[in-house]
Amino acid sequence: MQFAGISVIFVTMSKKAKINQFKCKGCYYCIDVCRSGSITKSGQGNPKGYDYVVVDEAKCTGCGNCYTVCPDCCVDIIETEE
Amino acid sequence: MQFAGISVIFVTMSKKAKINQFKCKGCYYCIDVCRSGSITKSGQGNPKGYDYVVVDEAKCTGCGNCYTVCPDCCVDIIETEE
Amino acid sequence: MSTEKNVLIAGFGGQGVVMAGNVLAYAAVEAGKNLLATVSYGAEMRGGTARANITISDEEIDSPIVEVPNVAMIMNAPSFAKYIETIEPGSHVIVNSSMIDDELIKSKDGDLKITKVDATNHAIKMGNIKVANIIMLGVLVKTTGIIDRDSIINGLQRAFRKDKKGLYYINVQAFEIGYSTKL
Amino acid sequence: MSTEKNVLIAGFGGQGVVMAGNVLAYAAVEAGKNLLATVSYGAEMRGGTARANITISDEEIDSPIVEVPNVAMIMNAPSFAKYIETIEPGSHVIVNSSMIDDELIKSKDGDLKITKVDATNHAIKMGNIKVANIIMLGVLVKTTGIIDRDSIINGLQRAFRKDKKGLYYINVQAFEIGYSTKL
Amino acid sequence: MSSIIKTQPESIADKSTHYCPGCGHGVMLRLIGEVVDELGIREDMILTAPVGCSVILYDYMNCDVIECAHGRAPAVGTAIKRVHPDKFVLVYQGDGDLAAIGTAEIIHAANRGENLSVIFVNNAVYGMTGGQMAPTTLIGQKTTTSPYGRTAKGMGKPIRVCEMMATLEETKYLERTSIHSIRNINKTKAAIKKAFLNQINGIGFSLVEVLSMCPVGWRLSPQEAQGYIESQMIDYFPLGVYKDLEY
Amino acid sequence: MSSIIKTQPESIADKSTHYCPGCGHGVMLRLIGEVVDELGIREDMILTAPVGCSVILYDYMNCDVIECAHGRAPAVGTAIKRVHPDKFVLVYQGDGDLAAIGTAEIIHAANRGENLSVIFVNNAVYGMTGGQMAPTTLIGQKTTTSPYGRTAKGMGKPIRVCEMMATLEETKYLERTSIHSIRNINKTKAAIKKAFLNQINGIGFSLVEVLSMCPVGWRLSPQEAQGYIESQMIDYFPLGVYKDLEY
Amino acid sequence: MPETIDKKSSSVGKKVLLKGNEAVAEAAIKAGCDAYFAYPITPQTETAEYFSKRMVDLNRIFIQAESEVAAINMVFGASAAGARVMTSSSSPGISLKQEGISYIAGAELPCVLINVVRGGPGLGNILPSQADYFQTTRGGGHGDYRCITLVPNSIQECYDMTMAAFDLADYYRMPVFILSDGIIGQMVEPFVMHEYSPMFANMPKKDWALTGCKGREPNVVRTLYMSPADGLEQLNRRLFAKYEKIEAEYRDCQQISCDGADLIIIAYGATSRIAKAAIKKLNKNGKKVGLFRPKTVWPWPGPELVELVKNNKKAKFLVIEMSMGQMIEDVKLSLMDVVKKDWIYFYGMGGGWCPTPETICEKVNEVLG
Amino acid sequence: MPETIDKKSSSVGKKVLLKGNEAVAEAAIKAGCDAYFAYPITPQTETAEYFSKRMVDLNRIFIQAESEVAAINMVFGASAAGARVMTSSSSPGISLKQEGISYIAGAELPCVLINVVRGGPGLGNILPSQADYFQTTRGGGHGDYRCITLVPNSIQECYDMTMAAFDLADYYRMPVFILSDGIIGQMVEPFVMHEYSPMFANMPKKDWALTGCKGREPNVVRTLYMSPADGLEQLNRRLFAKYEKIEAEYRDCQQISCDGADLIIIAYGATSRIAKAAIKKLNKNGKKVGLFRPKTVWPWPGPELVELVKNNKKAKFLVIEMSMGQMIEDVKLSLMDVVKKDWIYFYGMGGGWCPTPETICEKVNEVLG
């Protein structure tokens, strides 16, 4: 696509949360702050014995709230070209 | 003298400062606060070696200022029937 | 030496590890046995794990150091991972299978006599998740015969005093369930 | 032991007791003698009195403890009262008669060789009350021969450095007055 | 093509901490890490760790660390900053550390106007030793040494550190924040950054008091702990800037 | 017929003190003696003496006295008052004692709201040890450890104790007075009396900060020392009531 | 693991279960401890926690001080006011109390101090140690003074010795230490919680206490004596006369199968328990090994040790400490002229680390060859 | 009595006059002391006062700390930051520093500490004493650690030993004490103020210091080792290996006319000077009396003492201390198996009080009979 002589590529970037299930301690702060309701308990214990959380990527808006509240640095927000 | 059936005796009380020359340390605070100028250095050393102060009773009004400032409890104010 | 039982109880802070230890200890006193117990303290407790060691013996107990427990009751996965290797081979180990993966258990059960108890789930069914510890204790007592049933009941009485009568009854019930292994 | 002189200097804080001690000490160094000095410190100074002990000797000075001075220079009445009894009988004592009652001096001069110096008044006449100490030091040096005159001058130079040149000159003058006892 | 746009700050070691689930120290660790990364000061920084749950900060922060005696981090930090005026010195303290045993040290470091950044984690309890009363414990709060709840009589009311320190002439920046919600976490980060920049710009003593969750010490769930700050702590410890003297 | 209408208070021993000429501690001793006499509490009183020039208060006051470690009189007084709530406990402190080494003890005794009367003699210097800088030494003031004069940079500004303590909820009465003139001496006496009565009436923690002459430590004549308070100290340490909560 | 102790003392005479840290607190309370001041520190904190409840219930004095320094000075004040008073801490906190302890000793005030020793130096760790022996027995504070130091090795002794500590403190007017450690403080054992009865028939009256001077001359509590000749020197002579008396009157130790032993282990506190377990094993294996356990480390039971050597001239000695070697100096000092230096062996270890029966057995076998 | 010390060191090599308290300060400054932190206390204050001027002149670090506790923790920080650092105090203040000293020893940081010992216990008095010997040599703080302790008996030694102290501290990475007292600190004697030259050819690099981790792995200064096995135990073993090395390498003592002496006085610091005066008198009167003067009290010059006994088997020993008897334990410990206990006599005194040549002569005559 050409626009005023500059070539512009439209790319849809999508941000998603990824949770490190090994570091998660199950405090569930992230569940509370996720407005899209993407985070739920996994129902599984990680090797440290905590019922870690999982993200429903489909719902996740990548807002980063979970990153901000997590006391254990379990969250990465990853931007992907769709 | 009788007055309305009560006998009244007029007595002139006079208050005077008396300075314990042995305790005086020669700070001369008292000299500064004596409005009547009754206190002067004695020009003599007491056994502790300080040039203690003396009061000129004639001038002293017994106001007690010297008592109030003295850090060494050197002053008595004595009331005497004249 | 022969009569000396070194019981290890381990789990999360909230799981009643210390309380289970207390009951066992009181029971031992009631049974006229000697006993020596230590529980985890200080920084050991950060992260919320707890441990109790109760040594019970007919003879005088000299050393307060237990390096190799010969009976164990393990209430969650982290504790299982942490302590299972320290237990004397051939010992009875009661594990809370509600909280510990079967795979994990299997990988370690070589020389140990492991009894799996679905304790937390049973406790939930009983209406109080907190009695999982005493259910497991019931199994432990039954399995090892470490102490007589009546002493445990007395121990429970001592641990849950007047002000905690309600708790006393449900814990007796929990113990009986474990003891009769009606699981 | 024979050559050891234990000099006591005592007076009010402001009278330059420590400075007189310094000058004597520097002079002793300049004269190549051994010396050991202590001055009063801490609570001893509350109320404003000061003391210096300077031991001067041709031999090594071992003990830092002076219990019985054998030369003294006393600058005020309280110090006279406090220390006079501690001085070795037969010793030279230079007293500041401007500040110490003649009666008091007389009552104590039994076994001591007392030299009275109207030091404070002379110092006032010289225009600086603070040099009374060095006037007295002049008398002390002359009377006892404890140290040679030149060393004292050197000592004064060391005590009053560049920044205190004015003080140096007046103190030399004060010393000379005392030394020549032109009083 | 995908890129990580938020992740654990570089200045923080990639390991699991010993902090309990929901512990505020964890949040603080990340915030400090982010600010350190943003300012690029990791290699110029010396951290003084207190005695308290954060005692092993040296395991978590990728920088030079000294572990101080209980309460003395401000004295230690003072000396380090004097020796290395060109380095960044961070003083991290808990409420027992700063407001009980270390009262004199923080007040005098502040009063001398040491060019330090102090992060004061107020969790109203002695976390490390198992939940005893702290100088900042709220009235009525039950702890292992105030089993019937703290009373003003005999135990006093909680000490408000920012308010007290504001009376010291040489304090330059004092703010109280909280980390019980997204908004407050973001504000806390801004405050940390400001305190750091103050030191870098030679402005002087800055302290950020952070209300922080100690679920284990409070015997609450992490969520309840956040709520406790919101509903109880902030009432007594008003958030806000208590001093800001940039010049 | 003649009678003595003013003389040394009975609660004071009839002896010469070791204080230097013109020392403010001497004035304070008499004022305290007068108030003790007026309230008739000598025999019900326990005095905690600090380390400082007033360390041998036991030689001067005719009452039970304990000589405390440097800075710790408020802790000692706390314990004594708790053991004998019906006795009168007087805490006497200097500025080095209270505002330097004893910072934590005074702040926490105050914060706990101990029912104590504290007399704080602020003479802007360490008298007893020979005139070193105190936390209350003025900017520019030369002392034996600030030979070029105190500077705000590196040494900080003088600590204003009343202002700082006013931020503590449980302090009930805080006043700063001076004893450099008749009027101020009289005001000081009134303040002392109020602080004493507060304790007697169970009101709680009271502290009177008194600006006091230390001619020897300041290297000034007694008169100059009075002038120094008037012209220098009061500027920085405003006299007045900082808190008064009788209820 | 605090067993609920009934306010009406119905637990008295029964076997109860408490941690060492709790048993000392309950004993203190039963012995009439009026006031307790402390600052939390692991592995001692249970003592403070226990007091925080019981003292409030009993309307006695409990203050969680702002620091160990404040706590010890509160002890100083309360003791001067005539109260029975106690504080407890662990190693770093005890270091901070040294100035105050020196004051209390100098002012001849009674008090009870508990050190639940942990690994050092510095912050060290929170595990058991015995490396504060020098600090406790030689005076970690400045000046010449001593503290009576009792070393329990069971919960029963924690309880009994704490009661005794209060009486000894009042009787001799001096600080008395209970030297505990992370094992003794944290372990639970059944013990009999008997009622308090004073160990001395005539406890001296506290006529020196500060109570207001009504009807008497003012009392002064102080440690300042400007003039050594008529003050400080006298104080020190008086203190040391007292110390000599105590050394004669109040040494205590336990001896187990020392008669005819080839080797005698000298150990106190937790270590002595571990040693006892080892000795039983060794005895079973026919090794003649005995135990000499000081129950007081100041005064040190030296004469008992010398007496023991008189009856058993062949025995070697093995000193075991959870330290790099501190008590061994007392052993040597008391055995000077009696046993050769190289007859005294040492088995010790660095901070926060304890021996096991097994390692002790090894060491014994090594010594016995 | 501070003689003005020229900034350009023109006084170097000349005989100058300073108080002991000032000489230590000047030596420190010449030895490159970067930072000094202290709190005033008699009879030590002149050191702080001296520093307060000179350090400002030299643009180095001087802080009058808010307390001794703060001061020692500033020392901890400055040392960790790589600075040469010193503090000074007197007995009660040193007690308050015990926790900090334990931390510094545990963290293996170098620093120089001066204790100008005064009468104790408690506030005591401000006169000279030697009753902090135990505190200094055995560790008044918690845990197992030692501090090298140098004891000057002249102003020259105050100066020289302070310089050495900085080098020893850096070389061995540990705290070094100068054990002074109210006499040594307050007296003035001429001494030669030579320039500083390092006592070790290769001073170790301070690559452990906190300077920001640019270009290297982060440095951590700590004393916490949660796990004893792989941390604290190792630390303590390392410390004691170092201590053994120092005991072998850096003992120091002076012996005067010990050969053939009938009695050897053992004394240090101020007391050794007084003893020397007494010995001269006694020698004049034909009595064969010698002096053994430790210049280090930790490490204790025990082997030298034993060697001395080898060459002189008939000598009795008289230990003289301004204390009720502390160093005498080191004497006995080192002479165990070599000399009988009752061959070792003691002459000591309570707080803040010193012997005179006369009283020493009396005591000697008493012992020699």
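Which chain is which? They are A, B, C, D, E, F, G and H, in the order written, and residues in each are numbered from 1.
The criterion applied here is as follows: a contact is a pair of C-beta atoms (placed from the backbone, for glycine too) under 8 Å apart; a residue touches a chain by one contact, two chains touch by 3 or more.
None of the values given here were measured: they were computed from a predicted structure.
**Q** Once the contact rule is applied, which chains count as partners of both chain B and chain E?
**A** Touches both chain B and chain E: F.
**Q** In the chain contact graph, what is the shortest path length, in steps, from chain B to chain C?
**A** When the steps are counted carefully, the minimum from chain B to chain C is 3.
**Q** Between F-H and D-F, which chain pair shares more contacting C-beta pairs?
**A** Of F-H and D-F, it is F-H that has more C-beta pairs in contact.
**Q** Report the inter-centroid distance (CA atoms only) between chain C and chain G in whole Å.
**A** Chain centres of chain C and chain G, defined by C-alpha means, are spaced 34 Å apart.
**Q** Using CA atom averages as chain centres, what separation in Å is found between chain B and chain D?
**A** From the centre of chain B to the centre of chain D is 40 Å.
**Q** So how far apart, in whole Å, are chain A and chain G when each is placed at the average of its C-alpha atoms?
**A** 58
**Q** Using mean C-alpha positions as chain centres, tell me how far chain A is from chain D in Å, no decimals.
**A** Averaging C-alpha atoms per chain gives centres 87 Å apart.
**Q** Quick one: which residues in chain E touch 2 or more of the other chains?
**A** Residues 19-21, 55, 67, 69, 100-101, 103-104, 107-108, 112, 128-130, 135, 154-155 of chain E each touch two or more of the other chains.
**Q** Could you tell me which residues belong to chain C and also touch two or more other chains?
**A** 41-43 - these are the residues of chain C that touch more than one other chain.
**Q** At least two other chains touched by the same residue of chain B: list those residues.
**A** 48
**Q** Among the chains present, which pairs are found to touch?
**A** Every pair of chains meeting the touch criterion: A-C, A-E, B-D, B-F, C-E, C-G, D-F, D-H, E-F, E-G, E-H, F-G, F-H, G-H.
**Q** Spell out the residues on chain E that touch chain G in their complex, using ranges where they run on.
**A** 51, 55, 67, 69-71, 96, 100-101, 103, 126, 128-130, 132-133, 135, 144-148, 154-155
**Q** Along chain E, where are the residues that touch chain H in the complex?
**A** Chain E residues touching chain H: 42-46, 48, 55-56, 58, 61-69, 72, 75-80, 82-84, 87-88, 104-105, 107-108, 112.
**Q** Quick one: in the complex, what on chain A touches chain E?
**A** 15, 22-23, 25-29, 32-33, 48, 50, 64-65, 67-73, 75-81
**Q** Within the complex, which stretch of chain D touches chain H?
**A** Spelled out, the residues of chain D in touch with chain H are 18, 21-22, 25-26, 29, 34-39, 41-44, 61-65, 67, 158, 161.
**Q** Within the complex, which stretch of chain D touches chain F?
**A** Checking each residue of chain D against chain F gives 13, 41-43, 45-48.
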